[in-house]
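In what follows, structures are represented as structure tokens.
In the two assemblies presented below, chain A is common to both, partnered first by chain B and then by chain C.
Let's turn to the complex of A and B:
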């Protein structure tokens, strides 16, 4: 039985940990004091780089690397803390904000010290009223105790934190959408490049970090890189010679929901398998696992064949899915995948910001197609199309065979892929919202195609037994979603 | 200059040019909606996707980039030597690869998902980017079976209607209102597929602010589809039925380059034409909607003479002989000839030649529309001088006269003592004050040449029907010294004639020797005789205009 390893959440349940005095009793701000006493800012940046900390917000981008992109000579530079936690199935930041806001402030202070930042904006999801109240109170206390403001602890360090509530848009969790919203504009993502690290808030270099990422910093500084890298696996990326280490270090706040007996946030080492996680969360509620969403609603779904997949950034990428924000949703045999997809597509159609064409009009279209199938109005006409899979050359491509498919399913896959192509991992949209739409749409359809076909054939939602509903991994068409473009394949 | 491989072409472009412009310069169209050279680039329509090719180190070769890039935001620059592609190219980009074509098709399919396809009743049909690109790059049928969004039609302001159903949400209009006019009346309401362009409204839907700034009409021009429509032009004509001529707006001394769109029965609309130094892509609504007097039913169509205190229509021979009769009895010092700042350089040149050579008077004046208000916008200025050719008329009228041209009080003083005044107006809406009226009333014989009945024609003894900017060839000189061509579009109404022809006819009546055949010939004479205008022949001016020497500000 796997045990939780509580680091970020260690003192979460201590009464009044949200107050400055109690937080101090539990090492609070000691790590920050250690940082300013023992390390130069560049040392901290190097520690973060060496720790292998990956951004916990969704993309899993190396935090140290991100910091290294920030130009040192342009000031002011800003820190944006992304607390707009709005991915369905994710609720870990909320606990930190509501229960232990001083930990976030300490993380912010360390980041500000390392990067020479004097102003931090915490963009909090508008619905987190309690979280904002707690954070604001903590910020006030930190000012009163001299941990924020001018000349902190006599070091000459100045840091101000402003908390800013969002207005309820999912897209404002996207870093550039967040920045636009913070600047008082309509929350619409920007074109990249320039990336926020170069041109972010008010056109100045900006570090955008998730709450959880920042909360890791005190522990990296306090306990050292060596201690930190012991947690979680480090893989070798063999695409280069010699192989480069691919660290998945630290713990992750997994938000487990769905058909488990004890849903909630569990802090565990990275690299545990799906099955282990379900065990930790009190085991499955129901007979059998039908599917698992590993990283928030935008992640491609995993079938019961893939329960051995390790839930870390690298393993899930190799499984053609993603860890994302760590929002794990477990589904048992009673769940209908068409219905689940409809639920998710309704969400994305509602949340598309409408800035760019494919997403604005493609997302509701996908929803409408799924709705039609779920309503039993799917067209029964079939078409013959080329069958994709692993081709003769061993790469993803046209297998030379053909397959019969319901026209509506082909349409669903085609429209989703036109927003963002999950096979080539290219998107015609401005931001990755496009891929967040087409990833679930295409993966649900490919991996649970019999259930979609049954809905069309029967004219109503039919929940098939798991064995019948799931396409087996031998049908690589469903599992191998990312193919190398032909131009690359020949090289 | 950067060396670019664009499809199979090897081209050189200025550093900082984007792919859409670089392609356009080389005759290749990269379809786009949201990109407009005069506005910022949000790259939200995704229509201009192109395929950059990059060096891929593991393969040691140049390969297509993984992602397509938007052509509008892909800026071409000279690359440092170590980053040249194929040893020489600064950038390699394809606008016609299969991936690009597929992406265009897909985007067009999305654009048409909620579009009503009401081309048969849409004003934009024929000049619609959505229509054109769909024909060239789109699918032949729609796969969309669901119910279309039908957002309401909206009245945004005095001249602008919004057919929301046709909108592709490219936000050009919003950016125009923010960046060029700086008035910011437009914005997006709702979200996602329910995005709509709108003006600020109360909860009940009552407009709080209308799109009524003086540049509002430009949003209709820049709208790539039939969403924003001018009420003035609504249902008037199909674009392909209209002829077009490049001309210059006569509304103020900015001299905006325009295209006059017309049919045999009149002018239908004016549209701005790009000129980098004069008006960029824009024009104001005063100019845009100021053409209606050209088509007016009240236009002066026949010469008139005063009989028993009534202006009575007559024929040209009679009108000219009445004038001849009067002029032959008057000394040169009692004649005042007044040119018009609304007239072309050519009109005024013939007029001053007539004054000097035939009437032998040196008393030349300048008449025109009164000063209006200046309107400054972040990227555009409407000037206070409401005449298109004040600078040109002043120079040319004074060219043989030691640059002495009577204006203002000095003019009216001279008029009040004159016996005969030949006033070319062309500014029918100009009001007269008491002193001016008194001065003109005191004149024994007042000849007025104008296009519409006006306060000056009421006082005239003979009225000669002249022409507007739309009915003649010639040049205007704007306030910054640009000499630009106007072109004849429609025929003058009735017996009305081009102003310089009337003056020339009058000269012939008085046995003068002025004999031009077309406006270009007069421009040659101007080039020869008027300082500064040496290069300003019609051939040299072309569509771009030329800037007079000494106007380098």
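Let's turn to the complex of A and C:
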């Protein structure tokens, strides 16, 4: 069985690790001290780039690359730590805030030193009252001990950290929504570009980084890039010649919930498979895995055919899904996929910020269609439409054949795809919330279409045996894995 | 103009302790308006809910229009524009909690408190007659590993069963 490798979470359960003194005993702030004593800011930025660290908040964007977009000559520059953690199925940031807040502060300090930042806002979701209390206490201690404030440790470095509470809106996790919210407005995302790195909060360059991403920094600095890159696979991106390395390095705080015996956060090297993770989490609660959501509720669903998919950024992208926030939700044979989709669509319909018409109207519309299918009132008329699939040229497209489909299912797919098109990956909205709606809607429907059809046909929710409920990969382009990633070392 | 706005209310002002906290807050941001959310949280803690008088006061403190404050208050589910019970019970009902039978917990609470579930536009619907409890559904509370969960005011309760819910209510 795959072994846990606790790095970020290593000292999580040490009594009083939330206090400055105990944190110090476990190497606390030593990595920051090493950073300021041994490296120039640019060296740190280079180390982060070389480490291959990718953002853990959802988008999986290279942290080093993001930092490189920040203009050096515009000051002040801000750091916003994203502790909004509202993606259903995700709960790893909470434990850091509640149990080991000094680790986050150390990560923030390293980022501030590397980027010449003097002010950091930690945007904490409003419901995290305990997390905010613990972080505030830790910030206070760090000030008292001279690790925050003016002229830190006599280096001339000035850093202030402030916690900022959200107020229950999921969309404030989106980086520009977060920035708007931080400025005291409705958390409605901004058009990009300009990206926050260039023009963010208070119209200044802003680095937005997830809690977990920042917590990786002390270890990259403390143990070195070479040590860090040994963890997790580095794939070869063969689209270029010669192939370029595509790192999925480090550990990930996998959050696993739903039908497993021991749900929780497991820190493991990136790149283990779905079935391995279920095993680590005490095995399945139930007889068989019906479906797995691999990256928070926004991620396209995986079926039992895909349980050997590796849970890392690259592999999941190639499987037409995403690692997202690393929230894995497991469903066993007793679950009804229509019902699960209904739950998720209620969430999105509630959380749309309302700026863009396709999202504001489309999301409740999708919810209503799923609701009526679940209620047994799905429209029974069928329509004939062109069948899409793997066409003659081997690519996805019109196969020249036609298929019969219930009107409501066609409608569901088309409304969802008009918010954001999952096939072309284009969206008609300001932020990618649109994709977060249509991805689950379309993937659940395509991969578990028999269950949707049964609900319409029978006029009630019918939970089919897994084999009948699932569309096999050969028959549907919802899967279509373009190629299996090869590790760089194996080339 | 709606009756609500012309209604004469007790004016609102921060008490001494909150004023001190507010003064500290305001120094954190380059523009005053940015202190909006923490200020509203503070005001709601003191007043119980956000009345028009609170909005007016906050607007003056942050040097913005009242409309701007209203705009923000209506966007965020955690700000209440109506009175709520002494204890606000938030029941998570998103997928991971649903997979762990949050419905049983919700139904039990409804029966036990003899109330419906509040909606964002009708908090009274979920508030008990004695004004002690307000029952509402919320989205994922980032504790899916210990589902089903509820929050009672600021405290999180995990791995709930109807028996545990009874125990929590008895201890309030």
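Here are a few things to note about the model shown:
The criterion applied here is as follows: the second predicted complex is superposed on the first by the 479 of 491 C-alpha atoms of A that agree within 3 Å, B and C clash if a C-alpha of one lies under 4 Å from a C-alpha of the other, contacts with A are read in each partner's own complex, and residues count from 1 in each chain.
Convention: contacts are C-beta pairs under 8 Å (C-beta built on N, C-alpha and C of every residue); 3 or more make two chains touch, one makes a residue touch a chain.
These numbers come from a predicted model, not from an experiment.
Of the two partner chains placed by the overlay, only chain C lies in contact with A:257; chain B stays clear of it. In the overlay built on the shared chain, the residue A:169 is in contact with chain B and with chain C. Shared-chain residue A:425: touches chain B; no touch with chain C. Set against each other, chain B and chain C touch different numbers of residues in chain A, with C touching more. Of the two partner chains placed around the shared chain by superposition, chain B is the only one that A:411 touches, whereas chain C remains out of contact.
Look at A:181: by the touch rule set out above, it reaches chain C but stays clear of chain B. Legend: residue contacts after superposition of the two complexes on their common chain; A:356 is shown touching chain B, with no touch to chain C. Shared-chain residue A:364: touches chain B; no touch with chain C. 169, 186, 350-351, 353 are the residues of chain A that lie in the contact sets of both chain B and chain C, per the superposition on chain A. Those residues of chain A lying in contact with chain C across their complex are 85-91, 93-94, 125-130, 160, 162, 164-170, 181-187, 202, 255-259, 263-265, 293, 297, 327, 329, 331, 335, 340, 343-344, 347, 350-351, 353.
Those residues of chain A that touch chain B in the shared complex are 169, 186, 191, 239, 349-358, 360-365, 368-369, 372, 411, 414-415, 418, 424-430, 485, 487-488, 491.
By the touch criterion stated above, chain C contacts chain A in their complex at residues 28-31, 33-38, 40-41, 62, 64, 68, 71-72, 75-79, 90, 93-96, 98-100, 138-147, 151, 154, 156. Residues 42-47, 49, 56, 58-59, 61, 63-64, 66-68, 70, 73, 103, 106-107, 109-111, 113-114, 143-146, 168-169, 187-188, 190-195 of chain B are the ones that touch chain A when the two sit in their complex.
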